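Going by the order they are written in, the chains are A, B, C and D; count residues from 1 in each one.
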Amino acid sequence: MIMLNDLKENVCQANVELRRQDLVLYSWGNVSGIDRSKGIVAIKPSGVAYDELTAEKIVLFDLDGNVLEGDLNPSSDTPTHLELYRTFESIGGICHTHSKYATMWAQACKDLPCLGKTHANNFYGCVPVTAVMTQEQIEADYELNTGKVIVERFKDMDPSQMSAVLVANHGPFTWGKDVDKAVENAVVLEEVSSMAVGTLQINPQQQGISQTLLDKHYLRKHGENSYYGQK
Amino acid sequence: MIMLNDLKENVCQANVELRRQDLVLYSWGNVSGIDRSKGIVAIKPSGVAYDELTAEKIVLFDLDGNVLEGDLNPSSDTPTHLELYRTFESIGGICHTHSKYATMWAQACKDLPCLGKTHANNFYGCVPVTAVMTQEQIEADYELNTGKVIVERFKDMDPSQMSAVLVANHGPFTWGKDVDKAVENAVVLEEVSSMAVGTLQINPQQQGISQTLLDKHYLRKHGENSYYGQK
Amino acid sequence: MIMLNDLKENVCQANVELRRQDLVLYSWGNVSGIDRSKGIVAIKPSGVAYDELTAEKIVLFDLDGNVLEGDLNPSSDTPTHLELYRTFESIGGICHTHSKYATMWAQACKDLPCLGKTHANNFYGCVPVTAVMTQEQIEADYELNTGKVIVERFKDMDPSQMSAVLVANHGPFTWGKDVDKAVENAVVLEEVSSMAVGTLQINPQQQGISQTLLDKHYLRKHGENSYYGQK
Amino acid sequence: MIMLNDLKENVCQANVELRRQDLVLYSWGNVSGIDRSKGIVAIKPSGVAYDELTAEKIVLFDLDGNVLEGDLNPSSDTPTHLELYRTFESIGGICHTHSKYATMWAQACKDLPCLGKTHANNFYGCVPVTAVMTQEQIEADYELNTGKVIVERFKDMDPSQMSAVLVANHGPFTWGKDVDKAVENAVVLEEVSSMAVGTLQINPQQQGISQTLLDKHYLRKHGENSYYGQK
């Protein structure tokens, strides 16, 4: 028996937090976490309502996709999560939702521009949208290929500085050093997605902020010399 | 005495759920259910507030519109419900609301395009808007004719694959295998209706998703080989 | 001592309902009611928070504006209310808010078009916006003149069929046979105001509904042969 | 030991009110207050969640930026607050948020026009947006320079008549005679910011209201002859 009760409990709570933060309807959306030392991923079961979710129902996998523990079917998005864990080695948690405003940008197939400090505090530049998937990518191994188009989009980007992506025609994935940070990034992404819609409604010519301002805000919170919060 | 207490209780609870899901103001909106083996329809009484609704107040009909049980006037939309039950033989529940975003699309007299996976998971393509009713259709048997314009719109569509319609200048009707599914479809329709408004605001040129992606998502949840949720 | 405790209690509760329906911030907004047999108007005191409001704090007036009972200053909008009661003899309650979407239409100085059944069920046609007030109307007796521009706008309209107005650059007033109906009309006006913004975003060419459909819906609920609700 | 327990308690409560009014996510946003007789400023610590905030955690400063009391790091925006207190001698409290609609206007780098009475009751004209900060202003003493660009924007304006500013690419600051008024102005600014977006969507040609109407509304509530509320 594998246990990892702390990881399962954290993943369970992070999934419930999606509901509390109003990011999901019904059972849409899922959070996973990884124990890097053991190479084990914990993920929400498919189609289970958040108020019926318990740590015992969380499903455990290895990175090759073998189920290690759990009686329920895992989230159908599991192959996407595993591809991201295999490729983005710095991340500890992944969150997927269909939150309203982030999904609008994903459906519009547009990068989410960085229009101000709220965005720059959390995401280092435009949040990228993936390529639209080809017929071949859709028809075979769709969920695995969803992971692959994300990875392809990040070939020149650092996932530890850009912790979100918009999958074209679909919705957002976010990640972080742990499951809580992955969910926080989903909350912030939703907020800046809605602000960006309104900003461009007020001023359709508005461009993203300068590199100087972006560096200032992102590094103030995340860089070596960060001076936000309590140390 | 007819009883059907389970059906009446389900219909009552489904009506109350409309309020919980924030789809209705005051007594706007109504849900009905049918017992196909007996050919009996149960529907909300007209103008009764959701917090005063009990199973005993639900009105029972046969498919010809004869009241079988109930002291209160039924929803004024009853003839629309009956026409749909008579024609769409696979459905077990119907829901009608004036939910905000779905009503916007109905008032705009525009089909709701399928712009992403959230929509495609639940509705197999554009959610259709009916024709605008003629003066004759409005003046005599308005509610029955509302049913007829819906049926006309579906002459080349399968109501088991498209469980929603937008009545022009009016609002949405949704249905499903039972009353709970009819209400769930109303919730999802409202969500994708609001996402579509924002998607087209961000990218006015955006088209509906490809047939391949639509097939993938809809059939993943609904087809013979569906692999979402627990079996 | 005048009493009219029932009227004061109703007016108090209707004001509190504004808050519950999310139509007001702070102490913005006010509801009044009239006892036509005595010619006495009851109105909210000015600048009092809704959760501190009690029936005892409601101020009583005659139609000439003489205070009959009450220690607190009445709503600064009182002269507007009195002008409407003097001129619109069929109404029993008046409600004024700065509710978000209705205020947008008032600020835009545009009539709110009747774009569907939700609107037509409650308001018989476009909800009119008043003329922009002149410098003279603003500088002397501003609140009384607010009432006068409303009355002027209604010179060819029946206030019992159109129970709402948008004061240009300001916000909505609604009324009804009693205070509860006045508040209900404020709730409905806010809802149809937001629906109209979205409808025209989806389809900027959309026109108001036909006279036939308007007659059908309005008269279904309000005419002699109405058949909505329980008799 | 300095004490000022009342000020610390007021500042603490005002910060918590930001959350209750739905103006902030996580620990975004901060409120400060000043005791003018002692020249001491009290401000929220950086990155502390609102539900963990107590009066004891509030940090005290003098106007030169020397910490007088408090174990936690102060809000990283402290130099902005201090610059405003030094220059705007009439103000007693300052509030900073990233509230959604006010932030949209700040990100759009547009003055918020005065489109109606709701705005005019609280802000005497357009709410100004600052200049976009230069590379030099951003790279050294960013937060102090944020204060300086606000002060520069107000060189011909009276901060006691215009109690809000939009910092370009960032978000709003509001102030008032005390901390409660600073927060109230943040709430009102958010409301009129959202109303302005919708007003201009309905009528893109709409201009700000006349000087006569602006004077009437602002002075009705704030001038020598004000007649709103209870004296």
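The rule we apply is simple: a residue touches a chain if its C-beta (ideal position, glycine included) is under 8 Å from a C-beta of that chain, and two chains touch if they have at least 3 such contacts.
If you're wondering where the values come from, they're calculated on a predicted model, not measured in any experiment.
A.B. asks: Hey, how far apart are chain A and chain C in touch steps, shortest way?
C.D. replies: Graph distance in the chain contact network comes out at 2.
A.B. asks: Superposing the C-alpha atoms of chain B on chain C takes a rotation of how many degrees, nearest 5?
C.D. replies: 90
A.B. asks: Could you pull out the chain whose C-alpha mean position is farthest off from that of chain C?
C.D. replies: A
A.B. asks: Please state whether the interface between chain C and chain D is built from the same residues or different ones, using more than half shared residue numbers as the mark of same.
C.D. replies: Mostly different residues: under half of the interface numbers shared.
A.B. asks: Could you state the distance in Å from the CA-based centre of chain A to that of chain D?
C.D. replies: Chain centroid spacing, chain A to chain D, equals 33 Å.
A.B. asks: So the centre of each chain is just the mean of its C-alpha atoms; given that, what is the distance between chain B and chain D in Å?
C.D. replies: Comparing mean C-alpha positions, chain D is 47 Å from chain B.
A.B. asks: Two-or-more-chain contact residues of chain B, please, as numbers and ranges.
C.D. replies: 200-201
A.B. asks: Name the touching chain pairs, please: which are they?
C.D. replies: All touching pairs, sorted by chain label, are A-B, A-D, B-C, C-D.
A.B. asks: Under the touch definition given earlier, write down the residues of chain D that touch chain A in their complex.
C.D. replies: Residues of chain D touching chain A: 25-28, 45-48, 72-73, 76, 98, 100-101, 103-110, 133, 135, 138-139, 142, 169-171, 197, 200-201.
A.B. asks: Could you pull out which chain C residues touch chain B in their complex?
C.D. replies: For this pair, the touching residues of chain C are 115-118, 184, 187-188, 191, 194-196, 198-203, 206, 209-210, 212-213, 216, 220, 227-231.
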